[in-house]
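Sharing a structure below in structure tokens format, with a few things to ask.
In this document, chain identifiers A, B, C and D correspond to the written order of the chains, with residue numbering beginning at 1 in each.
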Amino acid sequence: MMGIITNTKSEDILGELTQHRSMSAVPFGCRYRLIDFPLSNMVNSGIKNIAVVMTNKSRALLDHLNSGKEWSLDRKSEGLFLLPSASPRLFQKKNKFDLKDLWENFDYLQRARQKYVVLSGNNVIFNGNYQKGLQYHKEKGADVTLYYKEEGAHNLSPGSFNYFEVKENGRVTSIHSCPSKTENNQVSLETIILERSLLMEIVKLAADTGNWDLGDVLLDNINELKVFGYPFKGYAGKINSLVSYFRHSMELLQPQVQQELFFANGPIYTKIKDGPPVKYTETAETANILAGSGCYIEGKVENSLLFRGVAVGRGSLIRKSIIMQNSIIEENVVLENVILDKDVFVRKGTVLKGEEGKPVVIGKRTVI
Amino acid sequence: MMGIITNTKSEDILGELTQHRSMSAVPFGCRYRLIDFPLSNMVNSGIKNIAVVMTNKSRALLDHLNSGKEWSLDRKSEGLFLLPSASPRLFQKKNKFDLKDLWENFDYLQRARQKYVVLSGNNVIFNGNYQKGLQYHKEKGADVTLYYKEEGAHNLSPGSFNYFEVKENGRVTSIHSCPSKTENNQVSLETIILERSLLMEIVKLAADTGNWDLGDVLLDNINELKVFGYPFKGYAGKINSLVSYFRHSMELLQPQVQQELFFANGPIYTKIKDGPPVKYTETAETANILAGSGCYIEGKVENSLLFRGVAVGRGSLIRKSIIMQNSIIEENVVLENVILDKDVFVRKGTVLKGEEGKPVVIGKRTVI
Amino acid sequence: MARKEWIAMLLAGGQGSRLGMLTRNIAKPAVPFAGKYRIIDFSLSNCTYSAIDTVGVLTQYKPLLLHSYIGIGSAWDLNLEGGGLYILPPYVGEKGGIWYKGTANAVYQNIDFIEYFDPRFVLIISGDHIYKMDYSLMLEYHKDKNAEATIAVIEVPWEEASRFGIMICGENGAVLDFAEKPKKPRSNLASMGVYIFNWDILKEYLFLDEEDPLSENDFGKNVIPRLLKDKRKVYAYPFKGYWKDVGTIESYYTANMDLLKPLPEMDLFDDTIKIYSKPSVLPPHYIGSGGGVKNSLVPDGCVILGQVERSVLFPGVYVGEGSYVKDSILLPNVKIERESIIWRSIIGENTTIGSRVKVGLKSDKYFNQEALTVLGDGIIVPDGVEIEQGASIKSWQREEAKIS
Amino acid sequence: MARKEWIAMLLAGGQGSRLGMLTRNIAKPAVPFAGKYRIIDFSLSNCTYSAIDTVGVLTQYKPLLLHSYIGIGSAWDLNLEGGGLYILPPYVGEKGGIWYKGTANAVYQNIDFIEYFDPRFVLIISGDHIYKMDYSLMLEYHKDKNAEATIAVIEVPWEEASRFGIMICGENGAVLDFAEKPKKPRSNLASMGVYIFNWDILKEYLFLDEEDPLSENDFGKNVIPRLLKDKRKVYAYPFKGYWKDVGTIESYYTANMDLLKPLPEMDLFDDTIKIYSKPSVLPPHYIGSGGGVKNSLVPDGCVILGQVERSVLFPGVYVGEGSYVKDSILLPNVKIERESIIWRSIIGENTTIGSRVKVGLKSDKYFNQEALTVLGDGIIVPDGVEIEQGASIKSWQREEAKIS
């Protein structure tokens, strides 16, 4: 099996967070970036030939992936391939799986030796072994297998590939943008298993017809192709709005979610930073927090996520917030329902509160 | 000192050879790509912070550079940075040093810690230690130091940064596109040393004025800035046409050139291919050839360059030609003044001759 | 190959037997320190900072973990073309094999290795010390003084001087005399075990030392005194800053606790000399709603549901609800179940402590109320037991504690 | 950690003393072979192809070059998270150090290492053999047969069988008897020194072997016979293909020359099992206008201005104008000046041969016209001398040759 991580074009959905970076590079879970999840799943599934589609805002992503060493992909034979995008500057809200990117890199597909491909979006977080999906794919005699999870009707941003209708025998009968029920919706996990030869056929078809959206192609051929849904049982999240980003971040504060997301099928690899352990001083107070390495905590932090290298000054209070890498919070600051992007500096005494569940986002390198 | 390898936009000058790859990735010297020369020079000069500007045709380059491991740049601290280009699809014939690319990556320049920068084009081949240029730069009290070599009037394709006028004291008084004399022209080696702070000032100026060409900016300020020329003494080549590509390739058949280009200031690093040694069979005949690893030679080869993994069948005759990686030449073929790009397959009995010094180029993966 | 300016030889073969249970399965340089590091990280990171591109690491005692930890030195950016990090265990030659006898003999047996790089200077360091040091400044000093050997020294409190190798120096820094652990120290300048030699001089003295049947083949005990006896140009380089030989359980404990001071002398958050280590792939640490951490170091992979105060935790530590850890060091993957109390203890790697356990609480048996309690690696302590202060437990034996 | 299916233990500690001058400074597995490889490349590349992710390499004899060559196994894609390549030299434990006594003892001393990965099966191979083999097929066979130990065997010519460890097998592949170098072989199935064991069985027999004071602690001589004596389920896995123990100068020469056949049995150009090696950074090789190369292997970095026929050259070899090299092996960086003749010779690394030198030409002194001439490493042979066929020269001594 080979792996391809595609490029979500509708990147503005995370606002500030995707202003200067691609969706793949959005920080998540105190030390990761979104791409770490599909990429680690691939590595943990024994996949050794992995391609990542880039955009023009790829520098953060390139820095992050670098040699692929952290994922044991700095190999002589196969390893990590970075594919240029066909339309790096176009933000097409609709195309979740833009086949044009694969057409641009068709020779890479041609030269691969693997029989099967797992295609993954870059905005789904779960910890799963794709070999299980492949086994299901084979057992069902499927042409295409789509990962989904059952959940209630959360608000997902529009997209052609959001929800499935899955019959009892596992057959997918419809793919659509909005939930049809209030409960037990089959939410797409943007993860597709199929044979490489079929994928190439589909890409050629797209090039001939100009219909570049994989979701549309599948829906058009939902009767001709044996499309099956694979129900993923563990914790899974789909980040396609700031609200869902915040919600899934906060869910990480549940030990059960930590267990399912960080350990279930193998570790999640990420880029190394050589920070020291977190230092909590005599004045630190903490309850229900997740923190990456290198933080220096002198204040009070509750129900929050601290990325690597964050400093919280004495007398400050951080609640229900996400503080990204190397942000510095001076003394007597109050933050509540706030997301600070990387390298934000918050001056003494600042008070900033967002609405419950709808956090204020402060852009990278801002001083407030 | 930090290093930046810029991106020559006028890439169509090598025709077929730059159809599917950026200039940086053009194969040269049986096992290298053009970028290996400036990149290895930087490494051999002790530079540990190196950035390479990409284009949309970067896949070959990305595959080649990969982790930077071959250049000992797979480091935790600094190492190799891939910078997205500001205008990946625009082929501007004129801009040799497009400052827009640096503006796009201005924060990278800002965050660097090094005092000096060496900027290099991606189409100059020589083996030099930039510390020597830096020493010259300091001795002269220069603001900007430009590498050049003295040579006759070869035909260089138009470019704003081709020739200098250098006074006896080393001061550069003019920069222009065409040679002014028949002999002893000061040909630009597309290599510039200056302080990072000055480079940042120049980039900001370019952003303000819209004049993005570094050559123009320098020429406009040739009296205000202390611009000096550093005469490089060893073998050097500037590849900016198919003719110059072919000529410099053929010059590699001189042992003196091999010595100066492959050994003088350190080894030239390149991507590893694990091919076996070249096998010459009982029927092989060879005179004046340079060959990369993994070739299988049963025929007659003269005055030619064979890249890695080339096969030459029995009874075939290859003269004054460049055969790139993994091309296969069957029996009784005659090739003369020919460049075969990668993976070309030449059927039995084919005869193909180009004009003296103006080789026929056969594109990648062609079957003839 | 061009001649190298200098290379480093890092002595990492010692057992560190006074570290007791901490070195039962690993060499001293591999002992975890400061929440996420191993002791050898400090010397290796100093090399990186000092831009030494060639480091030979001499190993001998239980080196498996050390070898796989160090690898080719990528964690310290020492995987370099034309140089790099080399692990040098003892080996068998045509005449059989000889284990490293002393520090000088270990280097003697690797003369061929050094000759290959043909350096002008050789830096000798050990993997046993906690300090941040720019060796390149010492090399400059060595060259300025036109010395043949330079020894880094640090001022120690006079009352402790008799525990060290003490240098008596002239005004210009020349070493006049040397006394190993003198009863009546004439100076408080202690040798840090960091030496720079001109390679030709070192080689000469390694051969001389090897020929001496009475020598213990040790740098401090034999080579340096011989250089002084021969009136060689030996200088002392005065180092300012934090330096600690964590040679005993007590000094190991103190060095860890030193990091918790409001302004620690060894500041891990100061990036001037950054300490690198081989990374783990653990997730961020979690502190539960009922958890609280004060004045402590907590690395990745910990889950803290109880209270932790003035302690150093290592990756993967779990502290269950209602448990209380104070003044302690919990090594990697220690698990403390519910409602247990740990005080002034060092708990070894992978040890699990059940619920309602008390470790290190005072007892009448010990007069020294400062005594540390030490539990070894991989012990499982059942629910409800008490382990008295000062106990040192290798494996779980019922008689060593009473069920409360 | 999840239990591993299998791991490999690669025995690379042997001196290979019958290779004489080739192993004066390096262990046998590090000896250059086939123009750009070292012998150990073959076993390591087989591991890569067989998708074994954990390999322990047991070293002992002059391992410096081997250690720095292997590193962490990146050249063979064996630098893997959760597995990888580990170098395992002898070490000192709490009770002192013991050098590896025999192949079985070497593995015995690393039982802790194997236990850490807790594999179901252990593959034992050596770094001394030239062959391409998919060990995973052998593992399948081992599992199909429900064997406790499986030994790879290859058919050898009957007349050579008495040089090998010979297996006598039943129809189903079960090994009935084993004879080490039998005078009258009852079979031509030779052991290749490639074993798969169930780990629990192997561990049991390593302990038994260790307790036996008469044992030489060798797999072939002791462990396998004991398994057979105890009627354990031992099977022979028949391997087809090229396999060569390059244990002597003659077999080393032959194995290199085998590669020059029009259809060599060991096809380096066949990528099915690709042989990886640590790369050099040398430029392409150059053949001058007056140069000619026939029926030879030429790697990067060579400069050939003379004639070369039926020879294997190694990186950095220089053959000057008018010189003629035939039926020879020139190891890395050998330099032959002008108008010299080299015949049926092996020339050691970094050796320089002057102009108008004759090496290996016939002489009446030797009756065996097939005798090889061998020159060691780093020799400088002056202009104009003749070195007779069959000579074996360690260092240049005037009396060993006559000036013509």
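What to note about this one:
The working rule: contacts are C-beta pairs under 8 Å (C-beta built on N, C-alpha and C of every residue); 3 or more make two chains touch, one makes a residue touch a chain.
Given the structure is predicted, the values throughout are model-derived calculations rather than measurements.
Between the interfaces B-D and B-C, more contacting C-beta pairs are found at B-D. Farthest chain from chain B, judged by C-alpha centroids: C.
The mean-CA centres of chain C and chain D are about 40 angstrom from one another, to the nearest whole unit. Here the spacing of chain B and chain C, counted between their Cα centres, is 48 Å.
Residue positions 69, 74, 76, 269, 272, 274 of chain B are each in touch with at least two other chains. Within chain C, the positions touching two or more other chains are listed as 74, 81, 274, 276, 281. For chain B in complex with chain C, the residues that touch the partner chain are 43, 72, 74-77, 269.
Residues 34-36, 74, 262, 268-269, 274-277, 279, 281-300, 303, 312-313 of chain C touch chain A in their complex. Chain B makes touch with chain D in their complex at residues 29-31, 69-70, 253, 255, 258, 262-263, 267-270, 272, 274, 276-294, 296, 305-306. Within the complex formed with chain B, the residues of chain C that make contact are 74-75, 77, 79-81, 274, 276. Here chain B touches chain A in the complex through residues 56-59, 62-63, 66-69, 74, 76, 79-84, 88, 105, 108, 272, 274, going by the rule given at the top.
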